[in-house]
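Take this structure first; my questions come after.
In this document, chain identifiers A, B, C and D correspond to the written order of the chains, with residue numbering beginning at 1 in each.
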Amino acid sequence: MSTGIVSDPEVPAAVVAADERRAERTDRMVGLVQRQGALAVLIVVVLVATASFPNFRSFDNAGTILIAAAPPALIALGMTFVIITGGIDLSVGSLYVLGGVVSAYASQWGLIPAFLVPLAVCGVIGVLNGLLIAYTRMAPFIVTLAALLGARGLMRALSDEGSTTYLVRSDTFRSFGTGSFLGIGYPVWLVAAVFVLGMVLLSRTRFGHAVYAVGGSEDAASLMGIAVRRTKVWVYVMSGLLAGLAGAINAAKLGSGVTVLGTGMELDAIAAVVIGGTLLTGGAGTIAGTIAGVLLLGVIQNMINQVGNVPSSYQQVISGAFLAVVVVAQTYLVRLRRVT
Amino acid sequence: AKSEDSDTPAAGGSNPSAGAQVVQSAAPGAKSCTLEQFGGTKIDLKTAKVGFSQSEKEANPFRIAETKSIKDEAAKLGIPSANLQTTNANSQFNKQISDVEQMIDSGVQLLVIAPLNSDGWDSVFAKASAKKIPIITIDRKINATSCKDYLTFIGSDFEEQGKRAADKMAAALGNKGSVAILLGAPGNNVTTLRTKGFKDQIAKVAPEIKITFEQTGQFSREEGQKVSEQLLQSNSDINGIYAENDEMALGATVALKTAGKKKGDVKIVSIDGTKGAVQGIVDGWIYSVIESNPRFGPLAFETATKFFNGEPIAEDIIISDREYDQSNAKTDINSAY
Amino acid sequence: MTTEAATATRPAIDLARVRAWLPKYGVYVAIGVLVLYNVLFTPNFLTWSNLRIQLIQVAPIVIVALGMALVIGTEGIDLSVGSVMALAAALIPLYLGYGVVAAILVSLVAGVVVGLVNGTLVARVGLQPIVATLALFVGGRGLALVISDGQLKDVRNDDLIYLGSGDFLGIPMLVWIAALLVLVVAFVVRRTVFGRRLLAIGGNRPATELAGVPVKRVLITVYVLCSVLASIAGLLAVARIQSSDASAVGLLIELSAITAVVVGGTPLTGGKVRVLGTVAGALLMQLVVATMIKHNLQPSTTEMVQAVIILIAVYVARERKSR
Amino acid sequence: MALLEVVDVSKVFPGVRALDDVSFTLQPGEVHALVGENGAGKSTLIKVLTGVYQPDGGQLRYRDEPARFDSPMDAQRAGISTIYQEVNLIPLMSVAHNLFLGREPRTAYGLLDEKRMFREAHEILLRYGVTTDVRRQLGTLALGAQQMVALARAVMIDAKVVIMDEPTSSLEPREVETLFGVIRDLHSQGIGIIYVSHRLDELYQICDAVTILRDGKVVHTGKLADLERLRLVSLMLGRDMSAVRHEGFTGFGGDHGGAEDAAPVLKVTDLNSRRKLHDISFAVRPGEVVGLGGLLGAGRSETIKAIGGAYPVDGGEIAVDGKALNRPTTVQAVKAGIAVQPEDRKAEGIVAGLSVRENIALAILPRMSKLGLVSDRKIDEVVRTYMTRLRIKASSPDQRVGDLSGGNQQKVLLARLLATQPKVLLLDEPTRGIDVGAKAEVQGLIDELAAEGLGVVLVSSDAEELVEGSDRVVVLRDGAVVGELRGDAVTTEALLETIAAAAVEAKEVGNDD
């Protein structure tokens, strides 16, 4: 009567198990290379640079690379969370500049406001991004694109169309930006600490797992009882906060709220995150990879400078080609993993 | 490849000595700086490691001429090219900061910087002054203490350029009319100063000239043209356009032509002194151009040599910029860049 | 039916109808509102010469946005369009010596090549479009600068300048070209095999592949088309400003183009392309900027207003959760 | 005392009244079947019960109190947990994380205690017959195992009510048994279970009560034992018992008698693919329906996809009408006359956003056009033909396919395949998730097509369907052919025996090394 196929209960357990275990091992190996591919490339590049450029291996140079990488690293950290949820945040570049300007302005009231005010301002814009994306189902790309424009407009409005550069008034804040501990700048220590927090948050808390779940499958996550909208709002808030913090750190370092900082910061951050092995489709990614991605971009830039005389146009060609190579390599690794 | 100009010999740069920078006589009593005061050590430029940090892509005549002048002069002095490290920040300020810091790490003994921005150099100064590396900033000034944070500034007085442009405009319009300003990139110090100088001077010498329109043309020809087109539609009675660089002026010229205006209907005054703009004067579309001379190489290295020889160096070395108008455009066009 | 009943039901019906209608035609309403405002408060707005200027200025964005709309229809995105414009611009003066046709051909070839690279990376290598085109976004402009030696070059070829600023039957050539391209793209999307396949790919790529549609070929063609359109925009930009400046041409145009497409009602999720909406989206953003400039407002205000308008337009036009 | 109760609940979607004054009561310890045709409103009712949707009218009572769930999380906290029909888990995350998502064990510092989580996950899953490493990505597990994880997850929390929306559609028989064991267990603990399935014999095996929905209305509710199977079907379909009896349960007729000596229309020889397929060979003659039998994961889908050019092939030969195809792409396969109906209708079949017309025409656009220009007149003709022939119910050819019911979506897909005028039809689970009525229609259609001379390959996890529908059954196991049933041997029993025999062999081989 039943159509159920009654099969031998302990079918080929041994065969399957052995096969599966082998498959899992390969899986994990390839997975490791794929996840840490950026790290592998980074190591190779550093070795090459060390061998070719005598100045590259100096301690000072390492410090310079690190301190230059500090603000972009923070932005990339926020972007990692956003991208893991399957979103994207184009507003970070503008928030970074805005954060720097308000931080410099607020430094007249001391060190603490110099940090808190930019966090508050950029956090609020992050909240707006998050609310619009989570509750109106508008595409993150377009919401944050609008925020990019809006935040830049706000920054210009606050700085007399960009012509007023507020100087940092707090000496403690300024020395935070330029001072160092054990030969490594304070900002680098701060960023390192934030990254450790970020790693713990992403891999060891419920929130972190909710972030992965939302990116992995939004509908499933919601049916499994994850507060999808709240999670989304939070990642954009984090991204905003981190961009504001990056702006503050940079203001401390530069001693002023510079208004002409480069556009395109958001694309750099996305590139770093993607090179670090985080999938733009969401649901997978690591912070360690992002660190490697940020440093990789920094080291490449440093190498180009070490050559000494590369015209500016060639620098871009090299960066573009490099980006393509890394991303293509990354994709083949992922594919290898899927097929085996 | 074959360009339109392939048949004609390459223009520009043919006469290296043409258009060299001339220093204005220093104001008496101005602050100066010696090697001793600065606390540096004497070095021989010929064997020294020199770093040059360019701010923007060498994509407009000013930057091209500036970088070329530095490189040419270094070669002329016999500095081996391996000892001259150059970087370009591609308009990204943070990149310029780390470029310079990296050059400091790599042991340069003299820095020539064309800063992208006047503020924000704290971390660089902290690093450079620890190693007592003299910094010469060219074309834009840095807001800091000379002889401590940096050695000296060589360049034009942007505010003064704005004032001179205002004088020209006043003369062109006979002290009355309405004028539009094509602003440079927002937030840029050059924009700020050229605007301030122009407005102050207009208010002083020709209060009957009204500034009715101010929009940014981003220092680019295309934007300059677009904005001018809009301007000419809504303010058809405009008499003069003050463009804060030549590129925007050239954009405005195209806009005037397409709007059916005739030569001289709208007086254009601009700043920079590129060949294209001076040609514009010759052709009758541009009224006058105030020069901003980018050939910093000779003056920068001369200053450095003097400094290492122990001579006092002035806080600001302001060059005297020329100006072009109908009277001299044709004859002097070869000294334009 | 009694009058009472009629008045009681009308608001409800109207609201529902408006709600269904707004997403499709909201852009046109917004344009209408903006035009009305300008007619009332901007001097010389309702003149042919003003309209001309607006159309001329919007033409390159429309052309780039057309290509972008096709790419977005396949659920892709192309960040490299600005760099393609720069490449086209850089190549033109180099080959103008052989005549205008040669120069145009060479710049179009550059578009084809970039499109092939993008398309291959997306369709064959399987990269995400945003990453695939990011590489050429960065490298392409660098290449353009290398090619042009970083120099701005004046263009004096009369034929080329005619394309940029000449008139034909009283209407600028630029506008003719843009209008022609709009018609062509609309036709391609609606009437051709290629157009239908493109939409199917955007709707469900694996399914389309299984249906025996040469998905990779279609995708590569889409990226090539997008790049070619961008290179046309690049050469027209050169023709219009009568000079070629690889560092400035098409800067940030990818964002304007994407905005135009999305504001025009094409969803980023693919499967749908609204050609006329795209044109309207570009026109709306152009009018916003023009209004700001004409009223001499500061960049900060312009940017903030743009942000708000984008949000409102996209909010109104957003896909309602249908299932 | 009722455990969960809905009273006069309505839910309206634009254009559809998905639930119309539905009342329904679940008693503690009751396994309550919820049945109905595709689109009857079963999933919608479940979503209303669990806070995914808010009802437009009526009310919800839980444990004799009026209740309102704002979100699935809300319902879960109250003790109602659900295994949904479509999406359930997150493929990129590990098995353990999926199991514990949202309620992970934490250490004293509030951080996740992953060690404990992995250990507990392992222990819990053992009870469901899932032995795999819990650190593995869920997506790499077989569908059945994934479904078991979902089940474990649903039962793990202190549930008072467990809702299962078609839980067995991707389970293999062994797993179905495990599931039923779990259900009996829950039953004895007094937990209420709502069970949705299109497989009627399952219902009779484990359900106590039944509620039948049709077009969003309750047409019957009561004890299942009192309801004859035939009557159940007739209530679901809203048709006469006699009509239903006449049509039978599967729509298959007798044999199609493809001539034994005819040249095969499809011949597959030694097909190999990575670790998935090993030397698969079989042939299909015109007019013949060849079934592919085997357990889930046997490689049936891969075989079909490989033939259709959608799965990488390392070696072997595929010939259509005697013409060999060398590692065909999907394009070449379609050109050669191979039509593949994929297993996953939503993901790989229909283009939900496009109209019925566009979907049907998708594969034949070149034929419908001249110089790349599409002729809508030609398309309309073809579309009309197939809509009539397959009795596709759509308001117009312009309706979005995504808005059709599952059965009609499947028919649209079939129409697309048939429009290419194929020589071979490869059907992977053509009736999965579609209701009895539509199922019979699709099955009847398969018969018809074979009778017209098409070669058909049929994959089905429903053994009855496979056996009744096929002239021959090729049995696969672990990506290899392990036997073939012909003629009178095409029976369920023989099929099971072949699979079991192969299992023993495999085990012996396994012991050898």
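One rule holds in what follows: a residue touches a chain if its C-beta (ideal position, glycine included) is under 8 Å from a C-beta of that chain, and two chains touch if they have at least 3 such contacts.
Keep in mind it's a predicted model, so treat the numbers as computed, not measured.
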TODO: By the contact definition above, name the pair with the higher C-beta contact count: C-D or A-C.
DONE: A-C
Open item on the list: I'd like to verify one number: the distance from the centre of chain C to the centre of chain D, where each centre is the average of its C-alpha atoms, in whole angstrom.
Closed with: 43
Open item on the list: How many angstrom lie between the centres of chain A and chain C, each centre taken as the mean Cα position?
Closed with: 30
Task: chain A-chain D separation of Cα centroids, rounded to whole Å - done: 41
Open item on the list: Counting only Cα atoms for the centres, state how far chain A is from chain B in Å.
Closed with: 37
Task: Per-residue overlap in chain D, given as positions that touch at least 2 other chains - done: none
Task: For chain B, residues that touch 2 or more chains besides their own - done: 57-58, 186
- [ ] Going through chain C residue by residue, note those that touch at least 2 other chains and give them in order.
- [x] 145, 150, 299
- [ ] Chain pairs that touch, all of them, please.
- [x] A-B, A-C, A-D, B-C, C-D
Task: Contacting residues of chain B [partner chain C, same complex] - done: 1-4, 6, 57-61, 64, 186, 212-216, 220-223, 225-227, 229-231, 233-236, 247, 250-251, 254, 257-259, 276
Task: chain D to chain A touching residues, read off their complex - done: 52, 71-73, 76-77, 82, 84, 86-93, 97, 101-102, 104, 106, 110-112, 114, 131-133, 136, 140, 153, 172-174, 176-177, 199, 201, 205, 274-275, 295, 312, 462-464, 478, 492, 495-496, 499-500, 503-504, 506-507, 509-511
Open item on the list: Give the list of chain A residues in touch with chain B in this complex.
Closed with: 55, 58, 60-61, 63-65, 67-68, 71, 156, 159, 161-163, 165, 167-168, 174, 177-178, 250, 253-256, 258-262, 264, 301-302, 305-306, 308-309, 311-313, 315-316
Open item on the list: Taking the touch rule as given, give the residues of chain C at its contact with chain A in the complex, in rising order.
Closed with: 77, 79, 121, 125-128, 130-132, 134-146, 150, 252, 255, 258-259, 262, 267-269, 298-308, 310-311, 314-315, 318-319, 321
Open item on the list: Please output the residues of chain B touching chain A within their complex, sorted ascending.
Closed with: 54, 57-58, 81-82, 84-88, 90-95, 97-99, 101-107, 116-123, 126, 143, 185-189, 191-192
